[in-house]
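Chain nomenclature is as follows: A, B, C, D, E and F, assigned in order of appearance, with residue numbering initiated at 1 for each chain independently.
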């Protein structure tokens, strides 16, 4: 009975060296490192595929950095709630950190990840997360009643699109992180606590 | 007892006029129209959000137009199988048409959509679709046994990434199509039959 | 790495020769061939069991050819929606063809198979299909609220029985088609398009 | 707070009087009454639809009374296991009674209904029930491995068809019993104990 | 093809001899035997772990023997309904017997086990069982609407706790019975019929 | 559009004052407070029911404080993995803290909660958690193959019971925490990080 050593690689796929990446991708990684003090593994793991990398982060930025009625913290709530339901370690840990910082609340990320229905959130945020979960797990059933429910909490048509877009995009991200066995950086676990 | 008229709008969200779209997006639409004879509704529906539109199609092209061991038809098989399981009318109808054309087989799209396990495909294609479905529906359970299963059919590490990427990207596409109530163009139904 | 040839047999079970079938069954097959120009495989596959064949088609005719408030096209809608959810290639392809013909609508079968909630159907037909799906997948939960919902759309008690009967009977049919690996005839794919 | 009286009608649909039934159906009911001492409610409830009644019992007899390698008790085991999983009170109670009598075992029906994996049955019967449950709940996944598994226990191709046919037919029966709210006769509960 | 003999042991784990049990546990077993005429196997199987045995029965008695608005029969209804849904042979058979006796109704246990929605129970009991099933299978979704639903049938806050506690405790019991392959005593099957 | 204030009560049920609790329960609470610096809310919430409180903690201690081959950290791993799958905020947060301390590993609790299949654990611990999850979610399917799988990693019969017992007991705990809306103490979130 021998035991396999625990695997702590950042991906089950090989990861390119910084020097071998296209200039624009290397630049983005160095900028992130400059700002955050480390390079989140999602950048390294996806750099194996430069075209997909560029599309992925363009999509990410289009949804997460755009202006709109959803606060930055609320967008991260959507990521954290759907990512735990998808069993995605990377996204819950990394975006949990961002959520704690954005919400200035050290408890909120764990609460939402485990069971957002019992988290310290407003009714409006609860309705937002109910819709996000329906998009993530049974989008084929979404209908006008769901939009009416959002409108009753003051969400506009564009807010509804934003919620759906974030849930759908991170569904893609969750799947790629799970398939590549993407490892969350140790730095994320304690940020914002 | 009155009956609501049947809604045949191409989206439940408003769609911008061609004249109001950014130049690069309008150019892409016109190029597609030139080539196909019509504008697939996905271009019109997503044009409401130019940045997301650009990222979406960049991602699409990075996965579907890249070189690699998966044939063009095989990539469409992945789209069709996962999209029916996600209840996505637009993607099954539109990509079913493309699959019929790429595979030069008028029967294959319906067979794969309904139950790919009984379709006229090779064992290798069956293994490809089994993996794609696992990525689409239980990516959190993907492990090294799945990769070994693919390798036994001659799939490389990059092929595995391609299969996963396509399943994950169209999971996003399926959700947006369902949420926007995106209507397949009538033209798709009979193409390649 | 050898690949198994693709299996295009009409059933995984042996199929009797026309000459070896009982007279009444052979007569029915020849009559169908006369009318349709080909023998749908369900007749050939089930002929292996004459008594079950007779009961199956007697049941089928009792539900599908009887008078009543459900139109012929509506009955086929029930078959197509539940059969795709059951992953039954034969029934979706064969009854999709009949639905297109009965409804004089080349798009309706694919729409209903993939996601009837977004098909070009009336509210009444939507309620009919919601009930049929509940019978097919969670009949143990059917209660008086479901019947009240049907009545609100003008369905009578006998209409409700018809919907349930069709959903239940094709559940049997779907299972036998999947278990026997019943292959849809090529002729069905393009009928009514 | 008023309470509705408990409803003990034998069906939520009206049931025809014996005198109003077609002669052949009345004859069958009287013959059953003669033999059993009472008329099982399934005969009364389905008599509302004479053509369906005839097809239903013809199908039933073709599967349950035919010669073959499955014993009468084994066929009832299939009914009881799948019917409890479908939440069908009538079929578990009525066929549980028949199973106890056929197997000359007062315990076996309850054991199989609740969890056949822990019932006093042989490995061969366990394999038979595993296959029956797959047909009842995921027939779209049945493949040649399942048939090989049956063959390893000595089941022939025709035995496999019999198991599948019984599981599929009682799936229809379970749905009709649930939808009609068919009540098991009191007589069944204690038969064979 | 040899067949394994049918295993009728009362547990897949070894069971201590009465003489080897701690005095207090042996005393309880003898008292039960004195009262019932036999020792229910749950006492023998759990006696392998004296501390867990004591806690298990203390918890059981705290919920099942306490005063309160739920009748003894109603508490057993909760056990029977949730235990069949958990596939627990021991609990359905043993508590089905107790339910028949407590309710003085030979039919009620089988009705509730198979499908409590069609059992001869009051609306209030139906609401009680709906809540118990939600606790057993999706407790993470329980919210104030569920409590309001109970209150509408006259259940107090403490009654709600009782229902939840019984469903939760027998969820533990069901899992231990299934894991230990705990066999129901033959005596239970016919008690109260 | 008014918004309900966020509810941060420690339970949706009223909680007794320390002074009103039975002496033995108050003593246990004070001892815990002395040791930990605060009273975990589970003690306060369950104190509403003294008899259940005593049985609950006796059961807890019998499983978590007993000697055996499972380390204290491994027992907490079982709690954390199954509790997140059950959506139980209290148990993941509180036992996540204990796990971090017991394992002297600040990352392990979040990794296991979100997806234990990708956590920094040994193959043996992975097998332990696979079994625990099967007990928690499909105990009716547990069979001798599962025990053989555990034995292959060196687990004894008693270890198997321990794993099952912990998964089953915390299934009860998860349900009561969800039903009572039990709030994790703020202190737990950062312990051991």
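The definition used in the following text is that a residue touches a chain if its C-beta (ideal position, glycine included) is under 8 Å from a C-beta of that chain, and two chains touch if they have at least 3 such contacts.
Chain labels with UniProt names: A, B, C, D, E, F = Peroxidase-related enzyme.
Since we're looking at a predicted model, the values are computed, not measured.
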Inset, instruction - Could you run down the chains that neighbour subunit A and subunit F together? - result: B, E
Legend entry - Whole-Å gap between the CA centroids of subunit E and subunit F: 23
Inset, instruction - Give, as an integer number of Å, the spacing between the C-alpha centres of subunit F and subunit C. - result: 50
Inset, instruction - For subunit B, write out the residues touching at least two other chains, lowest number first. - result: 87-88, 115, 117, 140, 178
Inset, instruction - Chain touch graph shape: choose line, ring, star, complete or other and state it. - result: other
Inset, instruction - By the touch definition up top, name every chain pair that qualifies. - result: A-B, A-C, A-E, A-F, B-C, B-D, B-F, C-D, C-E, D-E, D-F, E-F
Inset, instruction - Sort out for me which residues of subunit D touch subunit F in the complex. - result: 115, 117
Inset, instruction - Quick one: which bits of subunit D touch subunit B in the complex? Just the residue numbers, please. - result: 140-141, 143
Legend entry - Residues on subunit C engaged by subunit B in the complex (per definition of touch): 1, 3-4, 6, 8, 84, 87-89, 92-93, 96, 106-107, 110-111, 113-115, 117-124, 152-154, 178, 181, 183, 186, 189-190, 193
Legend entry - subunit C-facing residues of subunit D, complex: 12-14, 48-49, 51-52, 54-56, 58-59, 61-63, 66, 86-88, 135-136, 139-140, 142, 144, 147, 157, 161, 164-165, 167-169, 171-172, 174-176, 178-180
